[in-house]
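Note that subunit A is present in both complexes that follow, paired respectively with subunit B and with subunit C.
The block that comes next holds the complex of A and B.
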């Protein structure tokens, strides 16, 4: 992506601003942040860390935002020289990745340039970026938000999506409206039931092309305009809430679904109740052929127009998150339940400070389908309430208790069943039991100590053909020491002691002051999958020194 | 006002921004995109009818030919789509035009005439029946016996042809489906015939020349070569093949709106016709 005159103009503006006025220009404000992540790699044949000829790999970015009243302008410079392990090699390069100007008043906000947008839960449109996953599907075009009357928000978007350093072929057009009834109608302002409704429609245009069908000599009749629409409603009544969104997509033969013509649909429903010391929620979803990209040939992580929300817990402990669930936009059904309860303090079970219980469970399956044909056909049929093979299931119970003013302990038991088919390879279901003990102690004068121990027992065995180095039984220990108010030092080791491969030790040192954080770590990283919100990327094994610097101004 | 504008925009976007592709009869959303003249796996033929090509060698100076035409018109009424008629003018003296009329002869018609030994006019053949020689007969004396005999043969290969005309340019799609094993090599012949061609015709009294005589199902051109294009197929029962051909009408005096494309499958060795479609 070559910088346009527009971006160069913006850059010149900022350089002038920063050089001449520091924090302001004409009363405006300049803010920004910089993040540099680098890694000095070494090959390690035992864990599969490859030999990167460049040795030094780096992801770096600088966001700068200028704000003056309702006027905003921003840009982002990115450099991948080359990208860190696990990030797509097509990111290699540097330049202005994002740039925009916008103006907003009470009624309207208009953005020209690159922008991010989301309609509802994102099932028909979610342009977003996640630097840790390596996804940036920003739209380059125009974005409008209008608030014509109180309680009503209208959105419009048109543009092409970022694909590494280029833009996809397809043009994305979308429009969305949402009304907050209690705000829009004064008679409903005092009503305890809060109602929000919305609907949106997104269309992708992509030029015709020749894509062979499974019948020799025949190509696909391609829809050039593919539409997707969604309706949603949120209800809230005192401690209760209920939200639902239903989306449909027209015929969209693409590389993800094997170029079938079945229409897509998705339903997401969630209900929750909360009160002091207790909350519970349940979520259910069904997704059928809802992968929606702005290029029908795209198979990677880029050019997604929509996003199917994940309804599995985002685990933070290493072994519980070793097998994360990747959302299957082509088809899945899922159910999640979550309960949090605080046992009252000064009770037998609650102790002096109370005890927190957190229970979560989820199950995800495929769809029950009947194959009807391959590329150029309807593809399959499925029954709405009938489930297919098990993809993923987990259950975890965390008990956390503050022992006294200085000491706190949290213990977690988790169970994960994982089907490797969702990562595209074979093997049977993996069943893992995980136990975590997490102890932290305040030592005073800015010092604290945290000790974490984890164990995972698995029925999986390392298979050299599949080469999944997560297999087997594992133990882990971590010691983290914070001192001086700004420094931390940590040591950790993950060791596969049975049916697997690997001993992954890491030492890390960090310094934080104000908005600046520097971290150095050295050690081995186990290969695996990193998922955020159901969107994942492979994390390859690495061995070496990692440097991370973040700052903002 | 803004609300109405928004909903109008939303409706407009929804209306124009979602294409619907219709499936074919087999539930497929595909279109032929292979090379013209090449054979590919096909979708089969819905109509397994056995049909007959009734070729009539004729000429504008042949006084008995109008009687043959009358019999053939009656047969076409009687047999409907199971009978396809074709009027062939070779280069004999019977085909020499009157006055300024254009000659209706074709090179392929002459080649066929010579091959089949046509010496009298009118002479007809039904599916080029061969039995120690080709079964030639005078259509003026009736065609039903020969047509019935040909129709009585089992359908060994089903055939369908469709043509899409854009001005003078035709795109012709041919589907064949083997219903029985066929060991002999086969060829596909495509031809263009024209109806409602006005040309002077000698009448049965031998002296009257009808200057407004209407010549129908007149052979204008053979799109493939005279003996057809080889069909690439293994000949096993159940085999389905498809081929696309492109053709442009060769003569501006031929009226495309009166033209039809005819396809027939014949045995490459005996020239006997296995099936025909128009």
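The block that comes next holds the complex of A and C.
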């Protein structure tokens, strides 16, 4: 982050002066957090763990935040020496990644430097970070939030986006407004129907460049400014709620959509009913050519201006999340439903403490499209309500019950159908059945035990050409023992017993005291996909010792 | 030269951390959170009439968070009666699952206040790295204790800390 070195030093000096002064008047405070994840790797040809010449791989970061009343300043130092397996090699390096100053009072908040921002559900703008999947598209520039009257929030943002250790070429500008009618108008304050509405607009500027259309043999006339707008509404009435957002994007030929000139659109609708002990919710979405980046040549995980959420349930058990779904921003349709029910205690089915049921199902497909041409054309046409190829489907039912004061058990059945096309390779649909049993027992002061067993039956077979090591039938066991109030020890093994390959054992030890946590683990990590919020990264196979330390102060 | 600048920056950060006490940081002001019916509130509006507050960061997809909140929920009425404590659960679910927060809370039968922190602005200023992460706040809005992770029985340590806080005030 070369151009800003001077600014950083100035900022650091300024912060220190203010910090020292702040202490004098008793108002300032410094807080922060540190995270260090390191791995000592060993090659393993059987599971495909690479031989890393550096041997010690590490991701480390420290955030320091200074606060004095409405004034804030922050710095973040990051080091990837080199990055852990699965993180993009372009992260290699170290330095100050974030630096900002901000001032906030009841009416206004201004931030200069790096900042994160989200308009609505993020379909036209979301600058965020997720350190576990290596996403950080922070904007470097100015950010303003204003609350001119109660119930009204206006936001403005301008800046360039972080791309590993540099910034993208494009300039991102955006404005957004939201009104909470019941708060803004005192007459509506007592109304049982709660209404919020909002709208936003984002535009990206990127200088002209020469991109040739391979089929037509001429250079494309590129739009230098690309705009995207969205409108949203949220209604809540007693136990009912309904929310929707619709977004559109102008012509944006880019590397992700094959330089076509079709406009983009996305619709996201959620409805829910809930009361104590029961809830049901449904979500639907349709996304068409909505990948929006601040550089038209960028294809990977970085420089996304917007974020299209995946609506599938984020499963946490290992085998249920073995084939996770990643949002296809270029085009998809999806439907998801979720029901939770608590069978009352002291009933025949509910038992002494009650029983929790949780059901979910989802189906995601591609769009039904008709091709119209390649780069430089409209690209394709699609019918709004017509679905295309099946991408993903799942359903799961979890039954959880507290047996007595000490024992708890949760059993889950899940079914997942997965199309490898979304990860960019063929091989047909995979159908998987998963069964999980999760038992925990309190053993007295500071001691507890948790045992988890999982089974997955799959119709997929290992194919050395595709080399998907998740194929086949699997079984897994995990034992976790917590003791002394602060320590844990766990042993686990995932074994593929049919039609596939792999045996992945891990032993882990951890210590937690207040906000500090140290974890050591040794063993083999299966290659797979790690997803958070519908954004995924491939995690390669690794073998070795992992050390992880986090602390907040 | 580059290395020297990096070292200098690190040194400045270290000095800053040392010269200003990090003890008993105050709850940040003016961070916008949303209530489950879509209403915006500011972080400094979280209050409990001078009595202790527990703030717990969680997400619908986080198993240990759910275990922790279920365990506290069972004891919550007892805790309130005994200590007057108020639990505020802050969900960091993003757009993927933020619409499921209210159904999840009602479906789980939770009785405490819940807010959403969709783009994790509150999580960042509170220096939360992993969830669950639980803070104990005294009547003046100062963080007196924090804890990360959850294992069965951790709620007993939290209750002990709440009682300790009340005793130190008397």
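Going forward, the second predicted complex is superposed on the first by the 528 of 553 C-alpha atoms of A that agree within 3 Å, B and C clash if a C-alpha of one lies under 4 Å from a C-alpha of the other, contacts with A are read in each partner's own complex, and residues count from 1 in each chain.
We take it that contacts are C-beta pairs under 8 Å (C-beta built on N, C-alpha and C of every residue); 3 or more make two chains touch, one makes a residue touch a chain.
Predicted, not measured: the structure shown is a model, and the values here were computed from it.
Once the two complexes are overlaid on the shared chain, A:250 sits against subunit B while remaining clear of subunit C. In the superposition on chain A, contact is made by A:229 with subunit B only, not with subunit C. Once the two complexes are overlaid on the shared chain, A:205 sits against subunit B while remaining clear of subunit C. Taking subunit B and subunit C in turn and counting the residues of subunit A each one touches, the greater count comes from C. Looking at the shared chain after the overlay, A:78 reaches neither subunit B nor subunit C.
When the shared chain is aligned, no partner comes close enough to touch A:454: not subunit B, not subunit C.
In the superposition on chain A, A:220 contacts subunit B only, with no contact to subunit C. With both structures placed on the common chain, the touch criterion links A:288 to neither subunit B nor subunit C. Once both structures are placed on chain A, no subunit A residue is touched by subunit B and, in the other complex, by subunit C. Contact residues of subunit A toward subunit C in the complex are 5, 8-9, 12-13, 15-16, 19-20, 22-23, 28-33, 35, 62-67, 69-70, 72, 75, 77, 94-96, 104-106, 109, 116-118, 121-123, 126, 128, 145, 151, 153, 178, 180, 182-183, 194, 196, 234, 236, 239, 241, 243, 268, 270, 272-281, 283, 307, 309-311, 313-316, 338-342, 356, 358, 440, 442, 445-448, 450, 482, 485, 488, 512, 514-517, 533-534, 550, 552-553. Of all the residues in subunit C, the ones that touch subunit A in their complex are 5-6, 8-10, 12-13, 15-17, 19-22, 25-26, 28-30, 32, 36-40, 42, 60-63, 94-100, 102-109, 118-121, 124-130, 133, 145-149, 151-153, 157.
Residues 146, 148-149, 152, 154, 156, 173, 175, 177, 201, 203, 205, 210, 212-213, 215-227, 229, 250-251, 253, 261, 372-373, 376-378 of subunit A are the ones touching subunit B in the complex. Of all the residues in subunit B, the ones that touch subunit A in their complex are 2-3, 6-7, 9-10, 13-14, 16-21, 23, 27-34, 38, 40-41, 43, 242.
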